[in-house]
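This is the structure I have questions about; it appears just below.
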Amino acid sequence: MSIWEYANPKKFLATTEKVMPALWVSSAVLISVGLVWGFFFTPDDYRQGSTVKIIFLHVPSALMAINAWFMMLVTSLVWVIRRHHVSALAARAAAPVGVVMTVIALVTGAIWGQPMWGTWWAWDPRLTSFLVLFLFYLGYIALWEAIDNPDTAADLTSILCLVGSVFAVLSRYAVNFWNQGLHQGASLSLDEKENVADAFSNPLYVCMAGFVLLFIALVFYRTGTEIRARRIKALMARERLEA
Amino acid sequence: MPDLGKYADTVLSAYGASLVLLVALVVVTILRGRKVRREMETLETRMKRNG
Amino acid sequence: MTLTVTDLSVARGGIPVLEGLSFALAPGRALILRGPNGIGKTTLLRTVAGLQPPLTGQVEGAEDQIAYAAHSDGLKPTLTVAENLIFWASVFGRNGIEQALDGFDLQALRDRQAGALSAGQKRRLGLSRMLVTGRPVWIMDEPTVSLDKTSVAMFADAVRAHLGQGGSALIATHIDLGLEADVLEVGPYKAKPPEIDDFDGGFL
Amino acid sequence: MTLTVTDLSVARGGIPVLEGLSFALAPGRALILRGPNGIGKTTLLRTVAGLQPPLTGQVEGAEDQIAYAAHSDGLKPTLTVAENLIFWASVFGRNGIEQALDGFDLQALRDRQAGALSAGQKRRLGLSRMLVTGRPVWIMDEPTVSLDKTSVAMFADAVRAHLGQGGSALIATHIDLGLEADVLEVGPYKAKPPEIDDFDGGFL
Amino acid sequence: MIALLLRDLKLAFRAGGGFGLGLAFFLIVTVMVPFSVGPQSELLARIAPGVLWLGALLACLLSLDRLLALDWEDGSLDLLATAPLPLESTVSIKALAHWITTGLPLVMAAPVLGVLLNLPVQGFQWLVVSLLLGTPALSVIGTFGAALTVGLKRGGLLMSLLVMPLYVPTLIFGSEVARRGAEGMAVQTPLLLLAGISAASIALLPFASAAVLRVNLR
Amino acid sequence: MIALLLRDLKLAFRAGGGFGLGLAFFLIVTVMVPFSVGPQSELLARIAPGVLWLGALLACLLSLDRLLALDWEDGSLDLLATAPLPLESTVSIKALAHWITTGLPLVMAAPVLGVLLNLPVQGFQWLVVSLLLGTPALSVIGTFGAALTVGLKRGGLLMSLLVMPLYVPTLIFGSEVARRGAEGMAVQTPLLLLAGISAASIALLPFASAAVLRVNLR
């Protein structure tokens, strides 16, 4: 049995139906545990004070914002190459989740930046490339919304996603070249003291896992919704045809 | 409640905003999902009845 | 070269509209498509012209043989009649537009901007474009819209001349053109929707 | 109320195309305009509808009495059939579009977006707009373009019903509508160019 | 009248409609500024009020493009002209619909974009006030430009060319209010002038727009 | 091929055509900047290279709007798609025609507008070079956006939304060259990167544009 069988909408609906509850529950549990642990049971950082607690939302959402786009890229490729409708619809379903993740990363980052850098926003490369990613998301969603014919929309958005990904990477380099920034690199300032870093990293991993599961749950659920919405469209068209 | 010190506003608003966004996303997703599912089912039963 | 269509199904907006169509169009022949509004004639012609892929079935002998005239004429309002024709002639790698101008009585209008033509004059210009393509298979969607009686006769003559030179024509129309042509009623080929439970990649 | 046109001359692009036209259109009557392509029917209708001023002559009884249907239909592709009609109904201060939908067999299409209609279906919608205006004088420019035989008959019925209720209609067309109507050949009224030396305010 | 307003709003919200796109354009222009002039935040803060006003103006301008053109192309304008509605109200309503779908969202988005450009805190309030007063004038003036160029193929850019000089006074006073506000200076004089321009344009320009539209319909 | 190029150029030059309008828009944006950010010449000189690049970009963007849309509306695109010309060359030629009617005039006008904004003397040369290298990329990328949105009513603004993020790298490197040039710094690295982006876009994007156009014609 190949994984392409799940590309049949009916099969996809039946399968996701079964795993949905587990996904919802585990993601809720992980996120709650991670956030409660992070919020209540971690020490303040010696430099950042209690603001460090924002990391438990900021980093997982930033991670998911990027990964959602990556997932869309993969599913778009699958659509272009194998033309499985579920794949295209999954990309469509993921985009709004990706935007919300991007917005959360931007908002928490901005709120964090106020005490840390003394400004809500700086044109740091990482922040800037995130903003560009946000724009790509907006354009992608707007294009889906603007086109009536679902297959046309799937084709156009997937090509946009491919071309956009190339340009997103290019922008990342361009932005890096244009401004060297303030934002933390991969090494946290906390890493200097191993024991403190551990104190933060464990709940952070839990939160990241929770966000990943939440993302999967949302995308499965939304893909199901998109499948049904498309079926409704097709059924209504058919009804008219018979009339 | 842990002592957040002078950054209480910052941390709380970040948590508040994020949780609101997350919950809104989930709620919107589920509401739309339910609505679409219901629509599809009524449509399917109606069309099956009509042949 | 014969245009052969075998077991063709076509869809518009993701919904099948016509299915199981087969016909052959030999050189020197014309085929008239008839059918009520909305049955799918335009969709069929676009598929044969290669503008959209068929759902199932084949179209053979169409590649680079076809000149297509759609509901709209593809005229540039700021170019003159002659300039419009010269452009299309050179896109198809030909020159010489006099015959086309003569064929549709456009000599008097040749230096008029296409935007300043009446509805029927525009259409005549759109039709004369077919003569400059040099393509053997003409595919035309309601070519006589807005034309008066004389112009319809002029058009029929042009088609007859084209057939006489070994060309062929596939025409969707609601009126009687006075051509000696085969007629294909597309009504009976209306697509029947599939079983309602068969819920596959097509969502139908 | 009777629409009276006296000694009308009309111009297009600054050049007179028809002159010396007079006719009256009484309630309950229809008048068909005929003439070759480019003679000036569209120009005449636009003038009568008040969209452009006449060169000379008068149009009486047209003010706020006229519903005009042009070559293009004024439909919004993203609105549904019903929404398009409701909009026009309320612009003319009326409501109730059922009759219009019934009259042109559009009930099945009522929730379809106008952009996803075939050429003939669009035209039917454009024509049904006349029914929701509630205006007594219909002015129509080639209304039957793209329509199949059944739809043409449907249209003729709609016009007959309108006439029966005391309305009137002025229709430019190239085909035979099967209406009991007066016919006006506009060919003989073609404007003759004035003396070449007579270089007055009109620069002609 | 309300039917027309509702239709225009509905069209704007529908798939492919213009709602939110003016906004997106505003966002993008603002975002592009640092890319082009460089990321120094003190420089950005200085030009922020001006850039935001210019961005709002350009967003308005772009979405005007097809305000009347679409209705012209599909023949709706001809039909509206023969309808019982006077052309003056038609153009006013079109301008209003344009403002609701473009101007208003711009006003609401401006503070967020102000953050991106490091607009000083005291500037936000006056930025919003000036846009709220100024964007209606932009819509009305723009409708006049759209009426002038309707029916020209590729009228969009010609329209920009015609409208831009007409926008100059609004832009000057509007950005002056925003700039003074950001620098903590008194804003009263330019504010009054801005309000005056808006009021006068709204009251008088629809007549001019209707007149040119009538000419264009001929 | 040449016939298509000539036709597009002819259409652009004809009454109502786009030639010169992109230019006019560029001029006006540049002129509006002092109105909105204030007239201090040292400030203007600092932002001049960036403003000129942004203005050029916006002018390009606007004139793209109807690059394919007009041909779509009147049915020419359908007919071109059945013509012997492969769609890839059609879109390349359209992009070329766009560049000749928009990009090239912008390049030539930029020095003049530089004077208006007090651009430092040593900056002119690099401004022109960077625009000369960058505007072709803008045209090609824009053609891709136009092909994506052709056939959508009011596609213009959606196109801006889609195209703008794609313009980011070109804008960054282009304005970086102009800025460094104006400040007398070394321009080599960004110049090479800019040239690379242009070359790659010109070589590859027409395939993507033709592909989306085919989908849209369906």
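We call the chains A, B, C, D, E and F, going by the order they appear; numbering starts again at 1 in every chain.
FYI, a residue touches a chain if its C-beta (ideal position, glycine included) is under 8 Å from a C-beta of that chain, and two chains touch if they have at least 3 such contacts.
Going by UniProt, the chains are A = Heme exporter protein C; B = Heme exporter protein D; C, D = Heme ABC exporter ATP-binding protein CcmA; E, F = Heme exporter protein B.
Only a predicted model underlies this, so the values are computations on that prediction, with no experimental measurement involved.
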item	value
Lowest number of touching-chain links that must be crossed from chain B (Heme exporter protein D) to chain F (Heme exporter protein B)	2
Chain pair with the greatest number of C-beta contact pairs	E-F
Chain located farthest away, centre of chain A (Heme exporter protein C) as origin (C-alpha)	D
Interface numbering overlap (same over half, different under half) for chain C and chain D	same
Whole-Å gap separating chain B (Heme exporter protein D) and chain C, where each centre is the average of the chain's CA atoms	51
Separation of mean Cα positions, chain C and chain A (Heme exporter protein C) [Å, integer]	48
Whole-Å gap separating chain C and chain F (Heme exporter protein B), where each centre is the average of the chain's CA atoms	37
Chain E (Heme exporter protein B), residues touching no fewer than two other chains	15-17, 21, 24, 28, 31, 35, 38, 73, 153
Residues within chain C bordering two or more other chains	13, 71, 78, 196
Residues of chain A (Heme exporter protein C) whose C-beta touches two or more other chains	132, 135, 138-139, 142, 146-148, 178, 231, 235-236, 238
In the complex with chain E (Heme exporter protein B), residue positions of chain D that touch it	49-53, 64, 66-68, 70-79, 83, 86-88, 90-93, 129, 133
Chain F (Heme exporter protein B) partner contacts - residues on chain E (Heme exporter protein B) that touch it in the complex	16-18, 21-22, 24-25, 28-29, 31-33, 35-38, 43, 46-47, 49-51, 53-54, 57-58, 62-63, 65-66, 70, 73, 152-158, 160-161, 164-165, 167-168, 171-172, 175, 179
Contact set on chain E (Heme exporter protein B) toward chain D in their complex	2-4, 7, 10-11, 14-17, 71, 73-85, 217-218
Contact set on chain A (Heme exporter protein C) toward chain C in their complex	7-10, 84-85, 148-151, 227, 230-231, 233-235, 237-238, 241-242
Residues of chain F (Heme exporter protein B) that touch chain A (Heme exporter protein C) when the two form their complex	144, 148-149, 152, 155, 158, 161-162, 164-166, 168-169, 172-173, 176, 189-190, 193, 197, 205, 208, 211-212, 215-216, 218
